[in-house]
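First subunit A sits with subunit B, and in the next complex the same chain sits with subunit C.
Now for the complex of A and B:
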């Protein structure tokens, strides 16, 4: 009892210190702008009202919905493809030889480099956002599934042979449940990457979503609005990570 | 014999993909304006290296990514050490860190552009901002996980606080720091490219945007391929350095 109580006090203390840190940084920011130390940065007194204004406008919510929708679609597509490929590569040495070198080449291609090519093929719309996001999101899931599956293959090789399981039963009873935790972690990392790429392509080319709003405000030199969008995008990213992490913990418990 | 079959299996898919690409062009499944044939892309790449400044652009992008990574490491390693050792500083900075780590780095590029203007300092700042997080986390994790036995030995030998940090904790954290650096390098390259794409200030990123706006699509494909090779090469280099650092643990 006293142990959990002291743990709680420590947690409260650390959260309070965190708030002090946030307040301190905001004060430094305000001071630096007021003292003329940095040019071209609006003060918190301009940015926070701009953020509350934007939060009451429908544009911000539509843009947020668009960006999160594209992120979700990209993550979903990447997960399906990655689970299929990763299971194949992990379960069979021949598939590993066939696909492994190509996978290990493509996964080091910086995803932003594909933006120009994808725009050529798919145009300046949601299709390109999903394609680029999915390419980035593919690798964490694929690698996690492949390594978890191949671990299982080496560990349970003899056991499943003894039990004479057919390949389908082996897949359903051994591989899928065994690789699930690694898959879930992969999906969390994948969604974070997909969000980054979706925002990037919106800033560079596709005129929709949070990235576009941010760039648009910047090009119009509405700096408080641009900073409001930067803050908001950070909050969205933080919430997405927090929700996915909580989801991952819950799924791992069951 | 078996070895030869394995090599053939490894090469089968890449060869098949290039074959499919050529076939798609020949059979007219794709518009060659948008998807140039493989031979045109090879030629564009050759011309790029011999006369169109592709080599210079490659060197400039790689240099910016590496220099930005060095700046990130110079900030992240001392900071990570401080956060790992002092609980007070860790708690004070934790929410701020979490926020900036979750913020897609690309979003700070327009803000930095207003402050420092387009140029090398913009690229370096943005790259360092994006690359700082994995090194920071790696350092914190590595220092926190220092083997208790090592710390006890340091105590027995009456090492000063300073010595126990710099001669025991930091060297023990080296493998995690190197892993952080490897992940950061991939981010550094991405951010360098995005800044170049947005500001048009030299490098592979602005080259590819320029080629696209002039509809020189074989050039676009060739430059993208070069970017892929740069990504692969830098990662291979970092993996080597990382392995060496793990073997050289003389603590």
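Now for the complex of A and C:
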């Protein structure tokens, strides 16, 4: 069996096992609504048909496409910037001293706190979604790449000197292949964060995508539809993670 | 590794004219493979001057000689190898390798680390790991694979080309590291307790594999170990260092017959006498 196939089946199997937890939660939810323990929440018996209806409507798919597109763009931009910066910081102690404290300050800024600023600068459109998503997605990749590269630098310091590798060769033959698994893990974490931020900014300000549909249904008091979108967003996140995890398992050498 | 594989036909043809030692140094310039250490002192940064790790160290190694360096733990053996390889620079004195002053790692120098994890790239299989050194030495692509396979064969790792380091035992990884250090045909090989982490039988097999390549290639070996038996078994000469600061207290010539044999050589009267002598020397340090 090829590594791709086994990676994918493994990922699907772990997701299926996870569905047991979802089923349990749904049962608790149905029981709580039926027993009158929570008010103002539709029961699963209302939400699931609403989800089925939405799955047949083009709006949901258009919104899903938009949100995933924004997530992908944000993750891609963040990855490029983070790999460049992370490699520089990991390869050179001087760069680490130069940028380390800036990075550690910025990464504790909550990305949602940037939403008002970004909206003022870039307007209520896709640009803002990508900017906020990319800011959130930057850190997991950056930190993973920087720490993997720095580990490689220390571990192979003497060896690369003995082999008389110049910095370019060191980058191409040691740092890039060596840091690849950590980079991919970072990208998977980054995509999840970007999705969360993209949905958040859509709910708050940008009238497109899953976040907007969710908010719109809520404002129109179509609660089963709103909950259907909440569930669907969770499913999209799960699928995204599953696909990236399968890709990660396929590409890593460890 | 059985003793029989040491006589594999592939290797037998490298011995010419019945000589036990075939060197291809005849074409090399004068001084190739020589090491000369004069008045070398070194202290780690932050340590006060006068508290040197190594002080007034003096010895030399002839081309093609196998020298073992022994001494109590922490006496600066590893520091000495770092100095010889140009990884660090001495504070005093001079180091010549191949008759040239060392300033940074010289060409034609191989280094085998105690910890193969610091040398082998886990994302490259065995043959690609050997090729790594050849790439670094700018060997043309078409020659690399053959040279890498040749180096693997020399250390008796012929059938593992496609295995990754994590799939190999500690002994195999150390063989792989030696193959890589040899692939670019160095004139000097520095080895930092390369077999210390291996079990006794694996260590014997690797010692023999090492002696065999050393005799075939005629290179100079400086081998650091804390194992007196290993030092005597391998070396033409054993240099004893003492601690604080490291300097040579004793040099012992080992005239045991070659090729050596793990059973016979270690049972020889001279071997036992040398071991007693060295042990007494080190004990009084």
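Methods note: the second predicted complex is superposed on the first by the 221 of 254 C-alpha atoms of A that agree within 3 Å, B and C clash if a C-alpha of one lies under 4 Å from a C-alpha of the other, contacts with A are read in each partner's own complex, and residues count from 1 in each chain.
Criterion: contacts are C-beta pairs under 8 Å (C-beta built on N, C-alpha and C of every residue); 3 or more make two chains touch, one makes a residue touch a chain.
Only a predicted model underlies this, so the values are computations on that prediction, with no experimental measurement involved.
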| item | value |
| --- | --- |
| Superposition on subunit A - do subunit B and subunit C clash or fit | fit |
| Subunit B versus subunit C as contact partner of A:195, first or second or both or neither | first |
| Subunit B versus subunit C as contact partner of A:203, first or second or both or neither | first |
| Contacts of A:233 with subunit B and subunit C, given as first, second, both or neither | first |
| First (subunit B), second (subunit C), both or neither touched by A:109 | first |
| Dominant toucher of subunit A (residue count), subunit B or subunit C | B |
| Subunit B versus subunit C as contact partner of A:168, first or second or both or neither | neither |
| Minimal inter-chain CA distance - subunit C and subunit B, angstrom | 14 |
| Subunit B and subunit C contact sites that coincide on subunit A, given as residue numbers | none |
| Subunit B-touching residues of subunit A, taken from the complex the two chains share | 13-14, 17-22, 24-25, 38-41, 94, 97-102, 105-106, 108-117, 119-121, 192, 195-196, 199-200, 203-204, 211, 214-215, 218, 221, 223, 226-227, 229-230, 233-235, 237-238, 240-241 |
| Touching residues on subunit C, where the partner in the complex is subunit A | 82, 85-87, 104-105, 107, 109-111, 113, 117-119, 121-124, 132-133, 135-137, 164, 166 |
| Footprint of subunit A on subunit B - complex, ascending | 6, 9-14, 17, 34-35, 88, 91-96, 98-100, 102-111, 113-115, 186, 189-190, 193-194, 197-198, 204, 208-209, 211-212, 217, 220-221, 223-224, 227-228, 231-232, 235 |
| Interfacial residue positions of subunit A with respect to subunit C in the complex | 155-156, 158-159, 161-165, 169, 173-174, 177-178, 180, 253-254 |
